[in-house]
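Next come the structures, one after another.
After this come two complexes, each holding chain A, first together with chain B and then together with chain C.
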Partner chain A sequence: MAKVLVVTSGKGGVGKTTSTAALGAALAQGGQSVVVVDFDVGLRNLDLVMGAERRVVFDLINVVQGVAKLPQALIRDKRLENLWLLPASQTRDKDALTDEGVGRVIGELRSRFDWILCDSPAGIERGATLAMRYADEAVIVTNPEVSSVRDSDRIIGMLDSKTVRAERGERVEKHVLITRYDPARAARGEMLNIDDILEILATPLLGIIPESQDVLKASNVGTPVTLNDADSAPARAYIDASRRLMGEQVAMVVPAERRGFMNRLLGRRAA
Partner chain B sequence: MDVRADTTRQLVRLRGRSYVAFVFSPVVPIVDWLGEIDATLARSPGYFVGKPIVLDLSAVDLSSAAIAHLLGSLGERNIRVLGIEGVEEERLAANMPPLLTGGRACVITRNEPAQKSEPEKPKPTSLLLETPVRSGQSIVFMEGDVTVLGSVGSGAEIVAGGSIHVYGTLRGRAMAGVNGNSNARIYCQRIEAELLAIDGYYQTAEEIDDSLRNRPAQAWLEGDTMKITPLN
Partner chain C sequence: MSMRLLRLFGGRNASAPVARERLQILLAHERGLLGQSDLLVTLREEILAVISKHVALDPDKVIVKLDRGKTVSTLEVDIEVPNNFDKSKAITERRMAG
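The block that comes next holds the complex of A and B.
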């Protein structure tokens, strides 16, 4: 059965788009048929991270407004044949999305894919509310810092009140994904640690993505991190998270970045 | 069995309806006045056709025979009089239009051809943009060409009825000839476009040859294929 999953956060810049791409790719690598939908109208970026920005013709707004048909706007990933992208528009107003239009598109996507991953814009405005509106599950992306955690708490409140499921009296299944986690700095008290975050948010943990240069590297070459180097620490963390989404029991480890021999010789990198 | 059909009584329905009638007020000498009417008819022969006409005789003192003669003269000009007012009933014969009273004045505005106002400035057929077009901006100009002196950023969009000229780098989308103008072209100083379209035919960045990148280029339609070649 199709599942609609929204990747959201309160604060911007915590890694929603990177996480959407990585989780989408990881689910597709696991054999699921997946579409990632960019809801960040006006500031589209998912197409860049997916490396499909050069193939965009029609976008979500065109489909919502009925200018284009859904198959015209869907872009198939070049590396994985069961991974698709529905890009956002940069030129349209974010108010161009309508509740009914989004509902119709999500309904159409449900009949074609196993997973529909919605990359939400940051904040609590209309765009974010529409992205989560039809969600069955939510991944709340959080950095180990107080502002991010507090905003995530606000978003969880919205997930419990503003979604179709919530209005029907059902639950949106929620998961917290902690990104940019550095165990060493957390140990020194420079970051919130995992327990504190989970205590504040009171939501089950989906995964911990370590701070790593691989993430930036992958997104700059337009490849989801799990496809770029499936063996890297963040990739392994995302793959574990995707298996948890599919209901598998995977032990939670904090994957540390593997250091090469030269790195070990040269000691710590400058942060 | 006795079948008795009731004759259903037909109801007479009375409805009010008002028409605007022309009122003719003849003045002496009647011959000159008729001459005026002839002049009007000469300019537009159908002017009084189908329009209700009321004759106001209050300004002149005509005998019954004179009224009959006047009606005859108007009849010759195909002007049919609906009613007469401003005269004693005794003077009207049985074959004349009925006496009307209680008419209310109204102003008839003639549909004069509107005064020619200032000749309208012809709409501009090209749009000049002196500043760069930024990501997220959408410039739509259906009337003609669009010229951009700066660059068109990635995620920006230019939609033109005519051709598109970019004197900087074209990184965003350019859609020319959207009104069905297949002769429209796209010119740019450096091509990095996300999408080029002319009259509905398009190519995405991926289909544009890499050897063209970063060079001056133009795109046009040849039948239903889009050609992109370097300039110079």
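The block that comes next holds the complex of A and C.
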């Protein structure tokens, strides 16, 4: 059965788009048919991170408004044949998306794909609400930083009240994905640690993506990090997270890219 | 043991416990406030609707605030009425319309 998953955060710049691309690619690598949908109207970027920026002809708004048919707007990934992109528009008219139109498009996508990953815009405005509106599951992307955790708390509140599922009295399954985690700094008490974040947000953990240069490298060349270097620490963390989304039990490890001096000295696994 | 050693070396930099505490206090406060926000929005809209029947109002000039204190809570309603509002005229108009 098709699952609609929103990747959201509240705060901007925490890695929603990177995570959408990486999780989408990882699910596709695992054999699922996946479409990643960019809801960030006006500031579209998912096409760029996916390396499809020059192949965009029609976009989500065109489909919502009936200017283009869904198959005309869907872009197949160059590397994976079961990974597709529905790009956002550069238009400045944010009201071009209607609740009803989005519902129709999501409904149509449900009949074609196993997974529909919605990349939410930052903030708590209409765009973010529409991106989560039809979600069955949510990945809340959080940095180990006070502002990010606070905004995630707000978004969790919205997921529990503003979604179709919530209005029907059902739940949206929520997961926290911690990005830019530096185990050495957390061990030194300079960064909120995983337990603190999970306790504060009271939401289960989907994965821990270590701070890594590989993430920037992958987005520079327009390839999801799991496809660019599947053996890199962040890629492995995203692949594990995607397997958890598919219901597998995968042990949680913090793949430390650079182990701090103190950790090495003490022979301590960063975790 | 190793944690203690780490604390010893990195003690001056341990800002994360402060972050954790600040967040816990802040979020406890915000979660309480957000639960009320629907009530305030409803109140504001209904007050606006009632007064607008009689006076032309700028919707942005109606402020409804709820403060929860330990012993007393206050509901503060601040409505700015336009300067050129003529009460007798409005009432006459209403009588004529009715």
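The rule is short, and it goes like this: the second predicted complex is superposed on the first by the 256 of 271 C-alpha atoms of A that agree within 3 Å, B and C clash if a C-alpha of one lies under 4 Å from a C-alpha of the other, contacts with A are read in each partner's own complex, and residues count from 1 in each chain.
Here, a contact is a pair of C-beta atoms (placed from the backbone, for glycine too) under 8 Å apart; a residue touches a chain by one contact, two chains touch by 3 or more.
None of the values given here were measured: they were computed from a predicted structure.
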Message = Taking the superposition on A as described, I'd like to know which of chain B and chain C A:Arg171 touches: first, second, both or neither.
response = neither
Remark   = Between chain B and chain C, more residues of chain A are touched by C
Ask   = Touch check for A:Lys69: first (chain B), second (chain C), both, or neither?
value = neither
Remark   = Residue overlap on chain A between the chain B interface and the chain C interface none
Ask   = Contact residues on chain B for chain A in the complex?
value = 135-138, 154-157, 173, 194-195, 202, 204-206
Note = Residue positions on chain C within touch of chain A in the complex are 2, 5-7, 9-11, 13-17, 19-20, 22-24, 26-27, 30-31, 34
Remark   = chain A contacts chain C in the complex at 146, 149-150, 153-154, 157, 186-193, 196, 200, 262, 266, 268
Message = Can you tell me which positions in chain A touch chain B when the two form their complex?
response = 42-44, 53-57, 90-92
